[in-house]
Every structure is written in structure tokens, then in C-alpha cells.
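Handing you this structure, nothing more for now.
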């Protein structure tokens, strides 16, 4: 190896090392933001980051580099708690941001009220993905517990999206039984007897359904269902919207403790505000998220969303009540999920 | 033994002895068939799947997938981590094997078991232990942070997790081998007046070099392929703290199957490069190996 | 030959070989830094639970089930690997056949392939619509999404351990020993079962123990193929993840501690048998 190449490699190693050690060696004008997000937002933030960087450059003349980190919502929250220096978090569940607030104090307890719409610039809902032509004739939640139907959903214990699935099913059953929670529980218990595989994440469940050909219906985020239709073949699948579903609100928050330490508050705030802007709402709708202000988005995009009666998490007493009741250790999910009974 | 290998002539074994020291043709073929069938079912097909998926859309798409800057940075990071982690465990492995194989002492099985422990720790936990040790809620984390030293979600954390996971490889490879060889060669060298280091370099090392190579190869392969532990300490910052296995997961989760399997294929190939090296060495020194086997 | 004359208790048998202090010192330092300190942090964390909480958590039906599944499947997989691994190592060391070097090189693949990739590839093969799964399906055999799938993944993950620990020892086997056995009138079967296999026992047991230990903790490849149904195919590491998702670190570390403890005991037993058998069969070295 020539000494030149060796020197190059040493430089490379040093460069990588210095990047890891924080902002050493980066020009002052070049700010870096870290957005710690959950799994299904990759495509959304790829677009959005580029748009925001461009706007920030135009407005202030500064370059901003936005780094993203994606993973299961709970795992991402844990990373931030353990010291991952996120400037903003954009997660699947309110409970995950609450956990960061509680464990680190880097986010104030009232974070939810700091931005419009409970800090959810975009929302989504739960729909069914079925095989082309809907061979089993699945129209609504009631059809899922018929004999011979296999339902694919990830595990509510490990997947934020699956918790929305669970609650959407519950909401339908409660409404169908005149508000009877016991009947709703029976239905949901029945539903999970039709689940042959519990993947740990939403995308794992999609793969099981699409690639492995398992199951008759996949319970999925609306944005995920459309994305998989686009990515994996509109000829093979179609989307069925049930009569009732849940309004899933993936919230965003500024991590005050980190932005103040890094001096990135201004740009981080602008980043989150931009999500609510004209452009931000357009990009969200383009990626099949239901924008908070649909009037700002492209009508062509918003027309894709089917009309569906949406219940909100407030009907379950908010996440602060729903999370421990349904999903904590020994909660409703643990009680009903006993195979072989 | 390996000391005076160069001149040992390969005596042609007599036909009678040969018959008694090898199996019948049928037994041989059966064994080969069983072994190959097993390999096909559990190794060949999964590997083929990876390559078929990687080239599903042709070589152009494969190459494009690898030119992605994030993928490139993942490859670089993986190599950096392996280059640091493997030598550390190499030195440790030789020292541990020397102590355990060459000496009889109390608590040896206990020590060996402690060395084995990282194998039995779930990868998730291997990562978690370092989070508990260096995380923001630990005693050490905030202290180091004050001095600008980042362990978690940075290269040091990735290296630590990798060292932990690959900890036993070299030692475990060498211990049975060195036990099998015993200590007579070393004793002979020492009695002829060699120093301890001379004995190690000129007697022990040549004896164990193939086992050592296996150990390093395994250690290296595992260091590059480790997913679970690294996933916990990485923070998954795109283009920065994602190693190749993490990049594979990201790409797969983006439904970018071709790119995901392309990176996986490169990872498999990287492991094979070291094996090609080993094969080349074996060919180069084939006389010596043959001689050392026959004594 | 080690001296065994003294009956007095001593830490180590006297030996003319130098370097014990240095080698053991390096070993213990590194072991403490990399393994013992981090793991004691884990145990310390789970001790925050208190004994009764700890026990009730560990004896919880679901935890016991998951541990049974993890240890059971890992054991079966290790047995499979021991048998096929020794055969494979034998074939690679003793015979010549086309493609031998390729096969030899491929044995390490399970280490190099990220476990998640292995899981995805195996699931693709063994799922009802996969190459192998579709052959087995009409026969009523289901592999993917059942405990059998876990075994398949663990066989894949553990194979190199057996092959690579047995292989170097096999290469070292002195042909003279076999020739001597043959000269003394042993037939091939006797030579193998009485002379060769006992010599391979320590390495084989080591490989078995490592494959087993690795299988118990394996997560990445298993979750794709297992089905993950509680009480049926839910492995202990998944239960740890579930506890972590609940931000319940003490519970997660408690399960991890139990797994660690059980694995440690099993490894210790196997290592003790191994070291005993080595003393018994080795000719005094």
C-alpha cells in the first residue's frame, strides 16, 4: 500500500471519528439537525428534509443538513432517553414522547399543546389491505372473524401501528354492540385467534402478507397500505376502508434539552413549523398522510382518502389511560391473547 | 512436528493400511452426500436466495444500489469497526488459549465458561448492557459526555458491542486445538534453550496458525455481520452510524429489496474474501501442511 | 507432560511452560472489561426488582413458556448441528470432491450474513409459498411460522460453531494413530468409534455448547420465521424486547439474567465434562 493511500485512509478514519465526536470540524454555518422518527416516515421525510433545507437556505443563507434515524417508535424513544441527541422527535405514539419527557426532562410535560392539532401535523388511519379482487369479500371489521379468514397484524406490544389496529377494531366492535366494552373485548379476542403470525413491526407484517403470501387481510396504516400498493404492485392488492376506524395521530416534538445544548433551537423550531406550512402539508398528503389542513394540500392527493368515520383516542380516555389499560404487562391485550384457549 | 516439516517425505502408505484407515467407497459417497445435502438445504439455498434477489433486476441495478452514498458510508463504517475489533480479540484470544490450554489450574472450566458467555447473551442484551453502562442515565455516560466523549450512538459504542459479541471466537477456536497438541513441542524447544517468546513465535504459532486463521475469519465475519447488538447502540443515523447489516434492514424496510440484498451479498462476499485468502495461503503452503499432518 | 505428583492443593500444576502470568493477566483484564463489568451492570439493574418481584416475573407462565421454547429449540438445533457438523467437517478434512473449497468457504456464511438477512432468506425458502415450503406443504409439514421454523433458523446460525471447532482438531489427528489401530487389528468402524471420535469429543462438545448457547439468545433471524405467537412460538429474547417496549428495564434485565444464568450453568456443565473427558482420553498432555 502506498504511503499516499495510507495517509488517505488515516484521514478518512479521522474524519469519520471527528464526525462521530459531534460537530468538531464542521463549518459554523453548516447546522445539522437530527430528526429521530419511526419506521413508515422514511419516504415522507426524505422529501420533506430536502424541501426544508432548500427553504432554509433561501431564507437565511445557511445550509442545514438534516439527519434522520428510523426504527420502531418505542425503540427510537429509548435511544433518545439513553442519550441520542435528537433535535426533534417525530414518533408514532404520544406515549413514546411522553416517556422521553418523563425520563429525561428534555421535553416539557405540556409539549403536546405547543403545536397545533395536538402536535400532529398529519394524521392517518387504519385500513385493510386485501388480495386483488377481494376474494374473501372482506368489507368491514365483522368479516375478519369469519371462519377461514387469516388476519395479519404486527404485535401491539412491539409495534405502535399495531396498537392503532387494536384500538380501531375495538372502536368498531364497541359501536356495533351499542357501546358494550365487554362485547368489544370478546370481538378483539376473537380477531386475534385469526392471526397466524405476529410480526414485531408494521413493515415486517406487510412483508409477511405481501411476500410470503400469508393471510387474507392486512391491517395497516393507511399511508403504509398506499405505499405498499405503489411499491409492491397495484395489480395484486387493493385497499378496503372499513366503516369505522381510528384517527391515528403521530405527534412531533422539539427536544428542548438537546437543541439548547447544541444551539439549534431556531432551525429546529422552523423545521417543525414547516411541517404545518403549505409545502409541508402538500408533502404529507403526497405521501398518503392525511394533512392537518387539507385545504393546503393538492386536491388530487386528498381526493385519494376515503371517507370514513374516525373515532379518536380521546374515546379511550387518551393515551395516558389507553396505554396502561390495554398494552401494559398484564393489560387487556395480554389477557385476551392466550392461544389454545 | 511442524518444526521440521520441510524435509519430511510423504511415505506412500501400504494398501492394507490404507484400507483400514479410510472408509469404503460407498460409505465415503454416503457421507459426502449427507454433508452436501445438509449444506444445500441450510447454506446454499439461503445464500442463493440472497444473490438471486440482489440480481433480480440485473447487474446494473445491483451496481447502482451499491453506489448510494449511505450504503457506501455503511460499508466504510463496517470495515472500520471490524479493523478495530478483530485485532483486539485476536490478542485476547491467543492469551486466553495459552493460559487455558497449556496449563492445568483450578477453575479452568469456570474461566472457559465465562469466556463463552457472550455467545449465550442475546444480541439485544449485548447492546443493552452498554446502554446501561454508558447511557444518559448511567453513572459513566454524563461524565464522559462532559468531556465530549461519545460512546453510544457513535463508533466507540459500535466497536464495544462488536468486541463483546465476537469476544470468544479466537479463544474458542484455539483452545481445543492447543489442548489437542499438548505441550511437548514447547517443552522440547525450552529444553533446547529457547526463550518463552522464541518458543511462542517459532513453535506454537506455526502449530496453531490454521486454527488461528479460522478464528480470525470467524471473528471478522461475525464482526461485520452482527446486527442485534449493534442495532441497539447505533442510533440508526442515516449515513453516519449505520453499519452494513443495519443498512440492509433500512433498505429492506423501504421495500428496496434489490438494494437490501445487494448489500447483504457484498457482506457475504467480504467474508468470502478472507476465505479466498486462506485458500491461497493453503495452496502456497500445501507442502508444509501435508507434511505437518503426516509428521 | 504435566506433573501430578503433589496431593497438596495448589492453584495450578507446576509446568516448565512460561507466560502463565502474562497470559492469564491479559485474559482476566480483557474479560473483566468487556464481559464481566457490562454483565454485572445488567444483573445489578435487575436486582432493583427485589427477590419476590423477580421470582414472580421469572415464574410467570408466559416467561417460562418462552424460556422453554428458546432452550428447547436451541437444544434440538445444537443436536442437529453436532451430527451434521461432524459429518461435514469429516468430509471436508478427509475427502476430495469437486467444489470442496467452495463448500468449505461457505460454512462461515451464517456469521457473515446479518441475522436479519438470514431470517428473511430462510423464511422466503420455508414459507408455504417458498421453494422448500411449497414442497413440504402438500405433505402437511409446516416449517415457517412454527417452532420448527425456529429450529431451522438456529441450525443455520449455529452450524459454523460445530464445523469450525471440530475441523482444526480433525486436521491435527495423527494418521499414525489410525494406522496403529489398524495394525492392531481394529476394523474401520472400531477405529472411528474407539479412537477417532473420543479424540474429537472435546471439540465436538465445545461446538455443541457454543451452538446451543448462541441459539438460546438468537433474535434477529428467528423473529422472521417464528410466527411469534405467545405460548407457541414466542422466544425469550422477544419477550425481552416486549418488556423494553414497555420501558420496563428491570423486567427485561430480569429475563436476560435468567437466560444468562441458565446458559452459564449449561455451558459450565458441558465445559466440565469436556475438560474431564480430555483428561481421560488424552495421553497425558
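Think of it as A, B and C in the order they're written, each chain with its own count starting at 1.
The rule is simple: a contact is a pair of C-beta atoms (placed from the backbone, for glycine too) under 8 Å apart; a residue touches a chain by one contact, two chains touch by 3 or more.
These numbers come from a predicted model, not from an experiment.
Peer 1: Considering B-C alongside A-C, which chain pair is linked by more C-beta pairs in contact?
Peer 2: Higher contact count goes to B-C.
Peer 1: Centre-to-centre on C-alpha atoms, which chain is most distant from chain C?
Peer 2: It is A whose centre lies farthest from that of chain C.
Peer 1: Roughly how many whole angstrom separate the Cα centroids of chain A and chain C?
Peer 2: Inter-chain centre distance comes to 38 Å.
Peer 1: Report the inter-centroid distance (CA atoms only) between chain B and chain C in whole Å.
Peer 2: 15
Peer 1: Counting only residues that touch at least 2 other chains, which ones in chain A make the list?
Peer 2: Residues 103, 207 of chain A each touch two or more of the other chains.
Peer 1: Touching two or more other chains, which residues of chain C qualify?
Peer 2: Residue numbers touching two or more other chains: 120, 124, 241, 244.
Peer 1: Got the chain B residues that touch at least 2 other chains?
Peer 2: In chain B, 252 touch at least two other chains.
Peer 1: Which stretch or stretches of chain A touch chain C in the complex?
Peer 2: 72, 74-75, 78, 99, 103, 155, 157-158, 195-200, 204, 207, 211-214, 327-329, 334, 337-340
Peer 1: State the interface residues of chain C toward chain A in the complex, per the touch definition above.
Peer 2: 62, 120, 123-124, 127-130, 144-145, 223-224, 227-232, 238, 241-248, 251
Peer 1: Can you name the residues of chain A that touch chain B in the complex?
Peer 2: Residues 12-13, 16-17, 19-22, 24, 34, 39, 42-43, 67-71, 76, 79, 81-85, 103-104, 201, 203, 207, 227-228, 231-232.
Peer 1: Once bound in the complex, which stretches of chain B touch chain A?
Peer 2: It is residues 76-77, 80, 131, 134-137, 141, 145, 148-150, 152-156, 235-241, 250, 252-255 of chain B that touch chain A.
Peer 1: Could you list, by residue number, the parts of chain C that touch chain B in their complex?
Peer 2: 1-2, 11-13, 15-20, 22-24, 26-27, 30-31, 34-39, 41-42, 45, 84, 87-88, 90-92, 94-95, 97, 101, 103-118, 120-122, 124-125, 131-132, 152, 155-156, 159-160, 164-165, 167-169, 171-172, 174-176, 178-179, 181-183, 186-188, 191, 199, 202-203, 206, 209-210, 213-214, 216-220, 236-237, 240-241, 244, 249, 252-253, 256, 259-260, 263-264, 267-268, 271-272, 274-275, 278, 282, 285
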